[in-house]
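Shared chain: chain A. Partners: chain B in the first complex, chain C in the second.
This part shows the complex of A and B:
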């Protein structure tokens, strides 16, 4: 018995010891005032639990050791004691009240979304995040940038494996930023541990949360609510910049957005549309319809050789713009601009053996969307 | 105790029916037909327990597929769509197919024996409740072979992932939940009818063993919430097949409504899976401490208090859906309150041990491990109740660690404790002590290696239900996977113990454990097919 016990303890140590060298064991303290408060709450309650464990299990193991029949213990006869029963009801109540007070204060602070200097709309989509700086005409989607070859093991995994994106959310430090969260399809949850922000993005709802970041840096997180096949592959990266750097970045993005808007008016070459379409397809459509347009039936139909798609260009266009109600296909009217929609439709009608020769101009798409808006 | 003499069963019923399959008057069918048509509470109890053990291994294999994929970062064994089906089916099978039927099986066997009743109050209904289960779960498992695969939306099946975005097999999943739900409701009605009507003359409610009390309260919980589950899956069925929009925002529906309904069922469900465990442990600890249970009335009141509170805490599963501040505060406070009656129970068990005369027989090992490990799960539950901190814990491996501590080293260990405790009554033989100890120690080490590191990976930022993870979580996951295989395979030792125990072993007398006092120990071991045909007279202790 004793030797097997030593063996078991040795095994546990042998397995757990390497973990001491692993990086994080605990919740991060984070880089906002709120995340610091949450960290303190977490540690307070943790140490309270440890104290109770020591006392309660201390008594239990003392009893197990001391009152063994093999050591000749005789059973006593008591089976009630009103005083201790009242005590061990009242004392836990008091401990709970002591914990509820700071928790309530922190919660109130977290719920105060007033006086924000910047509003960012965060929209969850299977399986990417879309960020829109409200009132600034700047919006983009943020996709996982870890190559599939790293996931399948054909290539060595990088330092930020699964926690890297093509375009991070850029935020200023020292400004109160309000997040408005919603979803285009299923429920997602936007979580960055260092910011202590985790909030569900729910279709049909707009949830609010806020952050004021104290230190510039890059903060990484992930979707926290099961949202389908690629739930594990929709990371979040926040790049917090000094205020001036952020303002410069914002000006550049606005200028780029204007440039893009001008592109709608001009005539696009077929090759140009195909090139743009391929990149849009890769970052937006391929997660469901797959890289070669082969789809994942029955939920996600194939596009390569899809007869309905080939025969009915009108339906193809309306499917991309308006989505399919009651099915997994979202409407891309607000997610993609006219150039991107025109390009991706052109691409889908001419890639992987779909040789229709059709090409779509951004101006036509813009007109259609404008007509619908009326 | 000499003061607690129970009437010895008269020779007629113990000898005339002991081991007999045919009783005077009519012949019973043999073979498969015997099990299909049996209305005997012991046989149906055995069926429930065997069914649950089978499901436990099936659900366990699914868990091992999940753990094997998570052994290292990267996708090695399965693709995400199958991974999601495995996590979902593991949860559904373990909750509805393993833990719940195991407790119903124990109730079938032990409630009539503990209250001195000849059988369950509604024996034919009992047969029907059981046989619904294999039908329902065969249907559920068959969805894995259907086009598009089985349920892949998590055992909580949040809409609209489980409606608009679900595989076509979801309609069959809904049907199987309905079947399992009907089985549970009928079983609960039967248990309530039995306990309220068939107690031995002289046994008052406050004389009942705690296993009976906790099951009475659990049965009321089941009747209260299973219809809510039935309602919510029916609404899903309508959304999927008949064009309604209960949970479809595009049609004016409300995805959050789904969660309110689900958790109004789901939180009491959590207690359905733990209250009978409290009852089992409350029988075993006094037996092997050779001392009466401390604070019997407060145990009963604490159980009732937990059951009532369970209806007022559901939204703590929804702290992140955007509830108003007042609701967050209300549900935070009510959830924290649950710690009080739960604490009372743990203190009572420890006070029972104090100044006892303790031995560490196999049932006691599992019961003591239950107390320690369940308490660990209780503490992480208290941490999760703190709403601001939950914004960090929610939907991470910290939560996975929490509820597995409550359900595996908690509820499952209590079930195993109960099995070791009552095996002598069921088979007439003691379980092999050496093998039982091996089973216990391998299980304790395996289960803690599996679930303890999950606290760390969760705090460090690993979301739950992901098939692949960032590199900083690799070490914790590797340990969890090793632990899970150790735990899974050591359950084969339990099967060996049971088989050996059925076939032979040290013979057990009627009162198999020296300190055991309840009525089941007054009938011979193994318990004959029919017991208490004439009710015993019950002499109550002064509770």
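This part shows the complex of A and C:
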């Protein structure tokens, strides 16, 4: 009798243990010290729960079986038992306190954003992430790079379907990086399981979090707060590099940003603007206005053959720079630079049968934005 | 009814477990005002205690 009971308990544990350890269902151990601690906490608390279940249900099922009525057992009829009641109140309380102590220690670490070596501002936008390396003059947006044909099912889905971007967030290993999270429109949430970071990005607020990554690699995540129609199409990719490689990357980005800034002053050829505009349109505008400018009315108007757009270049420019108040169109003043804005406006005025011949110079756009700033 | 007895009953109420005999005794010989006053004071003490533990842990 007793041996069969032990066997049953042993069997349950033998079945549950590999399930708990197996990867697809469990949370990842991650690649930071904090994520490792969170994983250990999760497992410890999981096993405490398993032990409680085994003891409570074990006693219950044993009693049900051992003292069954067909064997002549009779119910005991009594009202209270203060000792037992105190025990089943105090023991869970002690277990909870015992779990709270290590959990609080880990929480304290998670909230300690002091002494960061690098600050990255993360801004959620419908539907992309913008990364700004504070004090480094390097900033870019990170857009979904999964082809639309895979999404619509015309093509087989790739390995990292909906988890790939044009420009990943590049971070160094072994350095404490502080994240400052906010949003331009609605609430988003920046979630990368391997870094154990899941932090809301709220318009008007700045939330903080930090990581120190131990292993170079590529870590993928998603927006974790329902934020609109393309919520599932704004993934996060973090590329963790060795420190030296990161410093080289940063130098290259800084040089590129400088060159871009110089590009504002010079005269741009029409073909150059069109080429640049097409790539900006594809990564930024196409998610709403569609690949062929056909839009998705009524929320996202068509740009191809749009008479108002063709007739009123001034309004076209102000719409891109300032957005449309009360509508879905955001202001791109801070998201795109003058070159990108000039290029994309030129492209929109000359693509998909729009043949205005207009071309916009980055210097004009820069001037307009500077005027607004005064 | 002594102060100590009231305190013990309030502690039992915090835990949520009380002997039937003690409960009956409280209801027969105790004054409601005593329990309310002692209860409020001890709740405040509990709040201060928890706050102190939290402050200590946050340091």
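Rule of thumb we're sticking to: the second predicted complex is superposed on the first by the 330 of 374 C-alpha atoms of A that agree within 3 Å, B and C clash if a C-alpha of one lies under 4 Å from a C-alpha of the other, contacts with A are read in each partner's own complex, and residues count from 1 in each chain.
Note that in this section a residue touches a chain if its C-beta (ideal position, glycine included) is under 8 Å from a C-beta of that chain, and two chains touch if they have at least 3 such contacts.
What you are looking at is a predicted structure, and each value in this text was computed from that prediction instead of being measured.
Engineer: Identify the partner contact of A:125: answer first if only chain B is touched, second if only chain C is, both if each is, neither if none is.
Structural biologist: Neither partner.
Engineer: On chain A, which partner touches more residues: chain B or chain C?
Structural biologist: Partner touching more chain A residues in the overlay: B.
Engineer: A:85 in the overlay: touching chain B, chain C, both, or neither? Say first, second, both or neither.
Structural biologist: In the superposition, A:85 contacts both chain B and chain C.
Engineer: Looking at the overlay, does A:283 come into contact with chain B only (first), chain C only (second), both, or neither?
Structural biologist: Neither: A:283 stays clear of chain B and chain C.
Engineer: Just chain B (first), just chain C (second), both, or neither: which does A:76 touch?
Structural biologist: A:76 contacts chain B only, not chain C.
Engineer: Looking at A:104 after the superposition, I want to know if it touches chain B, chain C, both of them or none. Which is it: first, second, both, neither?
Structural biologist: A:104 contacts both chain B and chain C.
Engineer: Considering only touches as defined above, state whether A:346 meets chain B (first), chain C (second), both or neither.
Structural biologist: Neither: A:346 stays clear of chain B and chain C.
Engineer: Considering each complex separately, which residues of chain A are in contact with chain B in the first and with chain C in the second?
Structural biologist: On chain A, the overlap between the chain B and chain C contacts is residues 79-80, 85, 89, 104, 108.
Engineer: Name, in rising order, each residue of chain A that touches chain C in their complex.
Structural biologist: Residues of chain A touching chain C: 79-80, 82, 85-86, 89-90, 104, 108.
Engineer: Any idea which chain A residues touch chain B in the complex?
Structural biologist: 4, 8, 11-12, 15-16, 18-19, 21-28, 37-38, 41-42, 45-46, 49, 52-53, 56-57, 59-60, 63-64, 67-70, 73-81, 84-85, 88-89, 92-93, 96, 99-100, 103-104, 106-108, 110-111, 126, 150-153, 157, 159-163, 185-187, 189, 191, 193, 196-200, 202-205, 207-208, 221-233, 296, 298-299, 325-328
Engineer: Within their complex, state which residues of chain B touch chain A.
Structural biologist: Going by the criterion above, the answer is residues 73-76, 80-81, 84, 147-148, 152-154, 158, 160-161, 164-165, 167-168, 243, 248-250, 253-256, 289-298, 320-322, 325, 328-329, 332-333, 336-337, 339-340, 343-344, 346-347, 350-359, 368, 371-372, 375, 379, 382-383, 386-389, 391-392, 394-396, 441, 445, 448-449, 453, 456, 459-461, 463-472, 474-476, 479, 482-483.
Engineer: Once bound in the complex, which stretches of chain C touch chain A?
Structural biologist: 15-20, 57-58
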